[in-house]
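What follows is a single structure, written as structure tokens, with notes after it.
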């Protein structure tokens, strides 16, 4: 138990940042995010933008899979829906602060539709259904030339706020980070409410939840809707970031990437999502650095980078599942617990 | 309506369905034995094909030796997988095991890519190529013989499970592990054997696929299309896998014939969604009864 | 519990250490070098093409440094990283190399990448780019100002084939079928090809699309066979599934059908892989082949260098392409530097467009003019299974 941390009211107990120390850390974190483009340089800013997008999408997937227990292998396709919707709106001149929610809404609608089978099936079968949806949506992306530009893809005009055009990595970074922080806090808040607890109840034992009066079908569809909303916003942000979108961006590999991110990070925790997304984005970069180092001795090392990256990805998933099933969050909590009573042993 | 064209597409489809049934058999074996859907099946297929390539083309051994050596290699890999990936995760929730097989697939795919490279390699000709002409209809030799081979393997396995001691023990352990333990069957051994069989079935399928076209890491993609077969047939039914394989093979071929190659992208997954909505356990699958 | 912790800790430590490799690698660079960045598809579907491309481009840079001291006294430095033929990976490599080195020249990995990066390249205005793509959209100096291609467009290549078919078919309208892959690369020239086919009055009897990476094409071949084409044009493939198509068609008794392809399927390794069925395989190639260096001094130089450096006896078309791209990059850099202009997009574009009647040392048969950001010439070759070589089946044709 933490010393001196007394919760005197329910409100205090449920607060997102209950102690002054937590508030301070969060303020420092936000300050760090604001200053990052100046301190980090252009390539690190690029990576940070990518991480921010991944955090938003992974949060959505964690809501569906981690909190509500519905395995979804089609998350990348929902991102694609959001992205193409945003592209269509942006080409009509709709500003980003309207296009992003609209993209999320479109994605939520598709997510609800894909989640309809959850009425009859669950677990593995639902996973396969979402996998089928992923491929079918991918087919639509590739073939519907009028709507999505087909295999050629679409070019997205840069987002603009007032007169400022967000054409630079450093500028779009702020948009992405603002969305990521806002949506992450919203997700954390969701699980203080009745809806969030209903999701957790469904994950634990859905038949019991139904007995307790939770409308299973509506709640499951709501989980899909909210999670897909996040995916849609992430996809739209990806569109503003890459500016040239093709269906290849939203394939099965990305869905699996997000599943891996939330498992490595920790299913059902928000900090886990952030840690997992950051970890999975940065590991390939560290790997590239390592292989570049190796190529001083072994000239052909760089040619093996792609296969080695894939092997490391798979090995990480298996290693975390076997050795650290609760993810990076659990490792982080162990470290924190160690320091709570330091120098006394726990 | 050109009946000859329809007959040709149908026949080719049914024959390729035999191969799909073989791969589906690999999935069904593992699901029956260990309640795991093995998303790494495509990679086992690749391993078998690359194994035969290495033994026959790179080391120069005759096919009669190369194929058993490759199968032995795949069996060894399956044993390692069962011991180090699946056994530690026994009893874990579905998502963990699913992601573990996906991760396993990534490791194997990356490993094969690293060792053999990503380019197309020419497999030796294992199946006779002479086509069968039925009037106007041409059946490619490879399609015909792949069907025959697949059917032979399926028949052999079915007979094994029906009549041999170990086969019956595997079926017993699959249907009720606790009772099987009580009767003295080593359930852990049967699970290892299940993985070995599934791996070898995948390897044979991989060799057939590779010799029909060319050897490349793309072979693993066939396994995703087989998902439709196992969903249609039922995740734990061998007979279902065979029937569903033929149906899906026929459907895919006819759709390609009339709508073009893009149908291969749509047909399997549309079937999956339809089946899951209408009859989730497939044609012959057994219902999951959940108890509180 | 302690063992698990130590494993995780040591893994984290290793990961942290390996991240140090990045600044170390860049520290070994030298000032004043002209960096040529590249994201070739060294792994993935087009791996064997990508590996040779990478070698060709890199070898040209080293040869140029060794024999001529670089470009205007500045050494060429070739920095490449695998793209795996995946668009997002190629973009990541592009962004990384641009951030780290700001190369004045960059070589991408595919049609998809080139089209996607076109907007960013235009906006950056600092780099001239090329890639294995010969898409017609990219040969437009207005839409893609900083892109060039080392050959004619895919549409122009198919046009050459159609004109050839039209010329040699004396009796009646020949039946033509087009087989292409369902990728950006494959679909690019098809509308223009169909239009030109109609213009020439030829008969399109079948249009077959295959899924990229598909292994079982029996149904597609059955469909093709039923259309009974006299000529089949393949586009969008490097090797598979062409051999399977040809083998099955020949086994079905269609020995009279001629099979043709476009540049990327015209390599000797592709044709060799087809064995006896490859006899008569035809297609368009903008370059000479490695064995044809009688009147082509640069082909000989390239061969000797490849032999010396990599013990390669026969230089394939992808290596030739890489070498030629290196030549063009160097020529553009040299002309810009000679005019004492800063190395930016507009100046290099002007330098590129000033390349007219340029002698490529025999790699291309005619003198090259890059005013339209492409090399609008090529030759039709036919593969002879007996000698295992491609022999010219026409003279050098100008397409634009």
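For the reader, a short list of remarks on this structure follows.
Just so it is clear, A, B and C label the chains in written order, and each chain counts residues from 1 on its own.
By our rule, a contact is a pair of C-beta atoms (placed from the backbone, for glycine too) under 8 Å apart; a residue touches a chain by one contact, two chains touch by 3 or more.
Given the structure is predicted, the values throughout are model-derived calculations rather than measurements.
With chains as nodes and touching pairs as edges, the resulting graph is complete, every pair of chains being joined.
Chain centres here are means of the Cα atoms, and by that rule the chain farthest away from subunit A is C. Averaged C-alpha coordinates put the centre of subunit A at 33 Å from the centre of subunit B. Centre-to-centre separation of subunit A and subunit C, using mean CA positions: 37 Å. Subunit C has residues 43-44, 182 in contact with two or more other chains.
Counting partner chains per residue, subunit B has residues 113, 262, 265 touching two or more of them. Listed for subunit A are residues 142, 306-307, each touching two or more other chains. Residue ranges on subunit B touching subunit C, taken from their complex, read 5, 8-9, 12-13, 15-16, 19, 113, 117-120, 122, 129-131, 138, 140-143, 209, 212-214, 216, 218-219, 221-222, 252-253, 256-257, 260-262, 264-265.
For subunit C in complex with subunit B, the residues that touch the partner chain are 43-45, 47-48, 182, 207-211, 213-223, 225-226, 238-241, 243-244, 247-248, 251-252, 273.
Of all residues in subunit A, only 65, 71, 116-117, 120-121, 123-125, 127-129, 131-133, 135-136, 138-139, 142-143, 205, 207-208, 256, 259-260, 263, 267, 304, 306-318, 321-322, 325 touch subunit B in the complex they form. Considering their complex, residues 41-43, 46, 142, 150-153, 155, 167, 242-246, 248-249, 283, 285-295, 302-303, 305-307, 323-324, 331, 334 of subunit A touch subunit C. The part of subunit B that touches subunit A in the complex is made up of residues 37, 85, 88-89, 92, 94-96, 98-100, 102-111, 113-114, 224, 227, 231, 235, 262, 265-266, 269-270, 272-273, 276-277, 280, 290, 292.
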